[in-house]
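The structure that follows is given in the form of C-alpha cells.
Every chain is named by a letter (A, B and C) in the order it is written, and numbering of its residues begins at 1.
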C-alpha cells in the first residue's frame, strides 16, 4: 500500500482545510486511548495518595483491614495474594483444557471443528454476573457436596490445602469458575497461534512417522511456544481483572481472615474488595483512597501482564516470518 | 564403506527400532480421548448455565416482569422493568460516546497512521486497554465524572462503558478497512474525490459489515458488564428519571438479587439472567449468521479476544 | 494442446524383468474434491535406482509423489483410488495405520523444513527417537552416518548443537535429507529437492542422490530436465494428471515414444 496520498495542490484551500481537519480528528480519536491511560494512571495515583502517605509500604505488605473511624488501618496483601492465587489456580486448570480444545478443533474435520470452536467462544459471551449466579445457586452446592466434602473428609487431616470447612464459597470454587471463564480466551488464541505453524512443519513430523499427538509435540508446540505463552498470559490477565463471578463466590473475607491457608477458605481478591466496599466507603476517611490504591495496583498488574502477553504473541509472529518458509 | 556392509548396518539399526507403533497409536488414541474430554469439560458448564437459565428463568418471564418496577420484597412479583430500560439507555449512551471515537480511531490506524510510530503505539495501547480490568475503568469514571459532577449519574456509567467499547470498535474498524482492496481507493481518487470523501463514502461502506460486527459484539460485551456500574450508576428500583441520578441496569439487578436471601429474589434473578442472555445471544448468533461467515470473521474474532490479529 | 485419450496413453514397459520392484502403483487416481488431479497411473519403481518424474507444473507429479507416502491423509477432501504396493503390502489398506509405512518411506520436501527450535543433532535423530532408540552412542553413530551420506558432516560436525536455522538453505535441505535417512527408510521420495537452492547446493544434492542410489529406491520429482538426465535411471513424463511415457532416462530423452514427450523434452512447452 502506498503510504503517501496524492498531493493535490490545485484544489481549493477550503477543501484542503477540511481534509486536514478530518485527518487530525481521526488522529485525535486514536490518541484518545493514550490520553485515557495517562489520565487514569495519574488520577488513580493522585486520589490514592493519602493512603500511600499514611501506610507507605504497609499498604502493600500489611494484612490489617479496618475501616472503623479512629482505628483505620489498611493493608492490601491478602487481596493481592488472593488475586494471584485464584488466577494462578484458574490458569493451571484452564490452560491445559484450552490447549486440549484448540488441539481438538485442529484435528477435527472443519465442518465439526468450526461449530465446536464457536461453541467455546460462546462461553465468553456469558456475562460474568450470570456465571456468578450459576456458581452461587447451582454449581457451588454440587461442588461442595460431591467434591469438596469428600476431599476434606479423606485428605483434610493430612493435607493442609484441604483443611477448613467446605462451604462452597471459597478460593477453589472461585478459581474453577474463573478457569471456565478464561478458556475461550486462551483456546481461541492458541488455536490461531497453532494454525499459524507452517504446513511444512507438520508434514516433516508426519513424514518421520509420528502420530498426530507426536506431531503436535514435535512440530506445533515448539514452534508456537511463545504464542501459547502469550495466550496463557492473556488468560491470566483476564482472570486477574475478573470481578463479579469472583465477588459472588469467593466468600468475601477481609483483613487477616482473607489470607488464604486452605483451598476451602473464604478469600478476597482485589477486584472483589473494590466491588464489595466501594459504595460503603466513607468519603471522609482513608477507606476510599485505600480502595482506589488497590485499583491502582490492579491497573499496574493488569498492564504488566498484558504488555508481556502482547510481546510474546508478537514474538510468535516474528518467528513466523523467519527463514523457515 | 561397501554397499553390503552399509546394508548390513542399516539392518542392524532397524533391528534396534522398537516395535512400539501399537503402543504409540494407543497413546495417540488416549490423547484424542483426553482432548475430547477437555472440550466436554468446557461445554458442559456452558450447557448447564444456559439450561438452568432457560429452566428457571423462562417460567418467570411475563409482560409484568419485564415492564414493571420491582416493588417491595414480599409483595409477590419482583419485576425488572427499570433494569431493562437502564441497560438500553446505557448501551445507547455508551454507543454515542464510544462509537465516534472508536470508528475515527480505527480510520486513523488503517488510513493515516500506517506503520508509523504513533500508530504503532496507539494500536499497542488499544490492545492493552481492551484487557484493562473493567472495575478499574469504573473507578476512573467515578473519579473523573462522579466526583467532578458531585453525584452518581447515568453519564458516569455511560462513560465507563464507552471506555470498554471504543478500543474494540476501533480495532474492528481498522481490520475491516484493511480488507477493503486498494483499488477501490484508486477508483475514488480517479474520480477526483478527496481522501475524506473516499474514506467516508467508499471505504467505510465497503467495510460496513465488519464494523457493524465489531459494534454489535462490543454492545453485547457492554450489556453484560457489571463491575464499572457499581460505582457509577449504582442501581435504583424506579424507572429512569434524569441523566443526573442513579439508574438501574440488568446485570446490576442480577447481582442485587443474588445478595438477597429470599427465594423469590433468586427466581427473579434467573428471570433477569435469562433475559440478559437472550439479548446477548441473539446479538451473537445474529452476527454469526449475517456477518461472520465472510472473510472478516477470523480477524475479528481474534481482535475481540486479543486485540491483535495474528498474521 | 490436444486431449489425451485412453488409447494413446503409453503403457509402461516391463523395465527390466529380472529386477525386483520396490514399489508399485496400480491404477492410482487422486481426487481433490471434484478435481481429478491424478488419473489412473500404473508405475513400477525398481530397487537401487532413481526414477525421475517430469512434466509441466500442475501436471500432478507432486500430488502423485505424495500419495506414495500417504501424505494425502492430512488433506481433508483428498481421495486416493487404486493400489500402492510397497514390497507387496498395500499402503492404502484401511486396517494398517500409515505410520507403519512412513517408517519405510522417507520424504524430502520442496522447501527445506527443519524443525526450527531443535538443534542440528536433534533434527537428525527426531525420527529415530520416535522409534524408541535412546542410546546415546547409537544416536551419535546414526547422526554421523546420515550427515555423511547427505554430504553435510564436514560442514557441521563441530556445530551439531546449534539451531538448525543457522544453516544456509542448501545445508538445511541436506539436513532434511539426513533426517529422512535417519529413520532407515527403504524408499526415498524427493519433491523438487533442489528447486530453492543455488547451483552449488544443487550439485551437492545431486551427488548425494548418486551416492544414496546404491542403497535406496529413490523417486524424485523435478521440473529441471537436465537434473533428470544427470541423476535418474528411469524417467516418467506426466501431463495433465496422466502418465504419458515411462522408460529408461536415456530412451525417454533421446528416443521418446510419444510426440508429447518429444515436444516437452525439446523444450517446446512446460
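The rule we apply is simple: contacts are C-beta pairs under 8 Å (C-beta built on N, C-alpha and C of every residue); 3 or more make two chains touch, one makes a residue touch a chain.
Because the structure is predicted, anything quoted here is derived from the model rather than measured.
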Contact graph of the chains (line, ring, star, complete, other): complete
Interface with the most contact pairs, given as the two chains involved: A-B
Centroid distance [mean C-alpha coordinates] between chain B and chain A, Å: 14
Inter-centroid spacing, chain C versus chain B (mean Cα positions, whole Å): 49
Multi-chain contact sites of chain A, meaning residues that touch two or more partners: 211, 214
Where chain B touches two or more other chains at once, by residue number: 24-25
Multi-chain contact residues (two or more partners), chain C: 99, 103, 130-131
Residues of chain A touching chain B in the complex: 1, 3, 5-6, 8, 11, 15, 18-19, 22-23, 25-34, 36-37, 39-40, 43-44, 47, 96-101, 103-104, 107, 116, 118-134, 136-139, 180, 183-185, 187-189, 192-193, 196, 211-214, 227, 234, 237-238, 240-244, 248, 271, 274-275, 278-279, 291-292, 295, 298-299, 302-303, 305-307, 309-310, 313-314, 316-317, 320
Contact footprint of chain A on chain C as seen in their complex: 69, 71, 74, 76, 99, 102-103, 106-107, 109, 111, 113-118, 126-127, 130-131, 165, 169, 176, 179-180, 183
List of chain B residues in touch with chain C within their complex: 3, 6-7, 9-10, 13-14, 16-18, 20-21, 24-25
Residues of chain A touching chain C in the complex: 109-110, 198, 200-211, 214, 218-219, 222-223, 225, 319, 322-325
For the chain C and chain B complex, residues of the former touching the latter: 97, 99-100, 103, 128, 130-133, 135, 138, 142, 145, 184, 214-215
